[in-house]
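Labels for the chains are A, B, C and D, by order of writing; each one numbers its residues from 1.
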């Protein structure tokens, strides 16, 4: 297949106009010794039909798909209304570049503006950027932002922050003279207040907690925020399951200075890990240190309302090495889907969806909790994920379930050795009662 | 155009020294090249500045430039009005658009700077 | 006659200058024995800017070095240095050399002054289909060798390179006396020490700074004369004496630089055969039992019959006796074997001894 | 055209676009008790399905895009985005797979990753590749971190990174985030790296040089081999920004030019859509020496099956969650399979043909500061038009009136009033000729009626917007009070 629109005749005429005799001659400006003298060693071109067959064969090897699964851990299945797929597939949304020319990008710009508004409403903060890569990088950018704001050297993060978020933060700060310390969790699965009090000091740039945290447990943000502010540290809240914001109080209401998180729950497919949507919001006074693009409202020469990318002096294409971040391309199309998703669910729909998550997870936890050899690991209240402590080796149990066509929860040993046979289960509105009951039956068998 | 009792730097700051106090701003030439100023980042009061140390940054829509202290001293006042109306840097760079006041550490600092005539000659050179 | 950037320094120090393969070089300053012992006991500074430096760069740089060197350059990561030979297809020496891995696609070869042009021509002839660029910037390189147990103490204050942690046969870039240099923990004396390469057009300060810093430590400038006695005590071979295009690394007792397993390289087939069939002669060290000094090319007699000639020989300033190297037939080469060397009028008794003659004790 | 209101302005209680299945588990009455529940989300919209469909359809009509016409944004490679790619990425077998699923249940996904890694290595002439970076800038950051990690292991991370003054702003920014101080290397009169300046600045304290090749002027660094030699001679690494790979695929390979590490933008060269500013993907390909430091996990093949290897002690760690923007990577694979080796060579050649055709056709009407031969793009300036007080911005805005998207203007910084034109291989001769005619017309208009240009655009849903006001008092979200 080829997507070229030139006829041989066109090529001939164009070469003549340019004044060269051949395509090769166009490359005379390359030294001979670097020119590739052979064909690339790649599969021969495929017509669409063959291509599709080959991909379907590959997809068929993903036997995960179609099985009943209770995996969450930062990636969630929520029902996506069909208009989201329909509308977001429009070429006018898929094939433009970043809206550098506002007069011909009002669609994208207004949608980013609406997106920023929605994120502010959900997080309870003043300002939100146009998106970042994903939840993990958003957390890393939040940490960098904090150290720019108060240039203190120490970051405290809860051990119940998503393990991959912690790893990503470590990578981002490794060369910047900022260090990160972990704060443990207590029997409720919440951040260990005593440990936090012990570790926080005047060198602490920020305290970063996730809520609901990696174990699904909802943190006591008020208490953590007060402790952080008591030491002139910034209070950063990460949200990995954004659907929770539909019913849980906005982190901003608890004094969060920065809220960062993963927007995948808002209309994005799991898609083996990406593309997702990092979101980030902060207070007005920190605007200048917020990374990423911003759409702003203004007027045109005739006084009509319009939208533009603004405050770009924070960005690398102007400030170069002094920029707030090196992020350039972000996840605009993912933010567009999130906007469509949120506006489709609407105020009530989002809340009902979130409540159903709580209800179904609670039912699942109760049902599974009754099984012999199963204990609910943490006492803390949770959103749509919960940790079960199994009497048998978690990996073995998961293997047994898999043989029955069920993908159980995430075995935590690999991430938390101290949680030996604990498994993190996720239940959302897409799981039916029958499916939960089926899991209960199989789990009981597996533990016998 | 350029007040005679001011002193000027190659980076296009001006300084007016009265008694022990120096008022600092950017020149008309600088504001013209920067374009519409949208934001001025001011230093904290009490900051001690050495000659040519960065005072802060001044931003237009598409450009950022740093402001350097023409003289050494302690910041005793900053022009808060710039937060609300940064445009005064464009409209009145040598007056209402002033940026900060320093308690001078060494009055002699200004001797190293250009007077109006020298500065005007200097920018002609840049234009050519 | 070519002059090194330090020529004036030598003359100022009243060095005795000679022509050495086209270069105006110092042979001695205070005297060979003084310089020799200073280097053994404290430190010596050598101007070895006459050495040859050859660059091998490009995508196939490693493959090419592997082709021309019997040692395994693939074991070198950037910053590492390797002693090896440059061999003819017959497995005999064109020269011996150091290979510096500066970068996986940039290697620096350091060869003998006497052979630089010959080596470079030979290496170019091997280029074939390799995607490499070759360059011979020898005349732009200056090189000083600071050798002796005090080397670290003398050099450290002058450089931002952390010397103590440097392993032997590694190198690092850094400033020495403010000049950009490549500092390498290598040498040709058997002592600890450094070889300092610079491409600076005006490296004179290097000599002055090192001499200055070394004075309290008892540093002395060392000429080519002592350089030869020092290297011989340490049994480091000299091309032209101990190795040449008639001898192979196996015969010269350098089997360890021949890595048969690494794949093909110039002379491999011959060396494989020689290795299987076994060598017929071998380079060994000797002491003169009778008085006198054995020098290169003096005839050697085994049981009265001529058996070649002395390769290297000199008076050892450290051991105060005549030592040297000689090729003897396998079977007649064991330690303790006695033979004779013709000194002009008489035959003097010599005995095969363990080598190296000198091994540093720190 | 009527302006489309903000969704919040048409929102009203009781409207619905979404209904949930009713709760099928026994309802727990006190389910919310003890949780910090919010009473409402102030201002959050509530509209009907029809309103949403029309809202977004109308908004879509206010966007220009590749599917509409030529999009000659220099260095952005706005080529056609094949529709089959979208279909492939949407196959449930891929889109529904969970990144933490047991590896034996996602072998298809892992093979996709491995294939694309291998293809990137073959196309770029490198030894190993990571697909984790989410975009070009993150690729740069990753690449610089690899370099730093390697230097660190040798005992000295070094201090500086050299960047040519023609480089894109993300280069210095990424180097800075990796803990390096950036030094600029001058461009010579030909617009390429000044070798003397490079040699002068390239010391043992310099960790790497970041070059873009062909550079942002579209000029190929003819001395790239020499450049690599100068950098390598001091133990430094050569980083190549692969933003302009579209000019090179199948014609030459960075690895063969002694480049040590480069990033490739799948959303440029490999046709994945820009989506109005992402998502993209910025794979990083390296030579062997840097492989040990690549982010975890690595996709490895163990006994016929693919697995994820986390046991990499020297790795810099993760740069984002999971394995990269998988959906984007799928589209790139579809593109590579569609085109094959000859197709990939053809896109480079035709991209260069189109760019040179435009350059040749307009070099009388628009000033070319640098006259060296160029590949996939060419950079004009507004020098001729400046005489009539017309700037590159005015030209850009006037292009919009003619239904064409403007070229890049924000860089390279070494060309004032730049108009960086990259047509890509996508355009037909008809579209190219049309663009050329329009540019010529505008050049004439600049002489005859400059005011027309300064007031442009005239035909759009909004006209020139007051960016100064937007920056002076930022309005970054809708608030009830305002309407």
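Just so we're on the same page, contacts are C-beta pairs under 8 Å (C-beta built on N, C-alpha and C of every residue); 3 or more make two chains touch, one makes a residue touch a chain.
Keep in mind that this is a model prediction, so the values were computed, not measured.
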Notebook entry, point to check: What chain sits nearest the middle when you go by CA atom centres?
Noted result: D
Notebook entry, point to check: Ranked by contacting C-beta pairs, which pair of chains comes out on top?
Noted result: A-D
Next item on the list: Would you kindly tell me how far, in whole Å, the mean C-alpha position of chain C lies from that of chain B?
Entry: 64
Next item on the list: Using mean C-alpha positions as chain centres, tell me how far chain C is from chain D in Å, no decimals.
Entry: 54
Notebook entry, point to check: Just how far, in Å, is the C-alpha centre of chain D from the one of chain B?
Noted result: 38
Note to self: Taking the mean of the CA coordinates per chain, how far is chain A from chain B in Å?
What the structure shows: 45
Next item on the list: Going through chain B residue by residue, note those that touch at least 2 other chains and give them in order.
Entry: 38-39, 59-62
Item checked: chain A: positions in contact with at least two other chains -> 33, 313, 318-319, 322
Note to self: Multi-chain contacts only, two chains or more: what residues does chain D have there?
What the structure shows: 225, 256, 410, 467, 471
Notebook entry, point to check: Which chains touch, pair by pair?
Noted result: A-B, A-D, B-D, C-D
Notebook entry, point to check: In their shared complex, at which residues does chain A touch chain B?
Noted result: 288, 312-313, 318-319, 322
Check: Where on chain D does chain C make contact in their complex?
Finding: 125, 154-156, 203-205, 225, 228-229, 232-237, 255-256, 258, 260, 287-289
Notebook entry, point to check: In their complex, what parts of chain B are in touch with chain A?
Noted result: 38-39, 41, 59-64
Margin query: Which residues of chain D touch chain B once you look at their complex with the stated criterion?
Written below: 410, 467-468, 471-472
Notebook entry, point to check: Hey, which residues of chain C end up touching chain D in the complex?
Noted result: 55, 57-59, 77-79, 102-106, 131, 133, 162, 165, 172-175, 180, 182
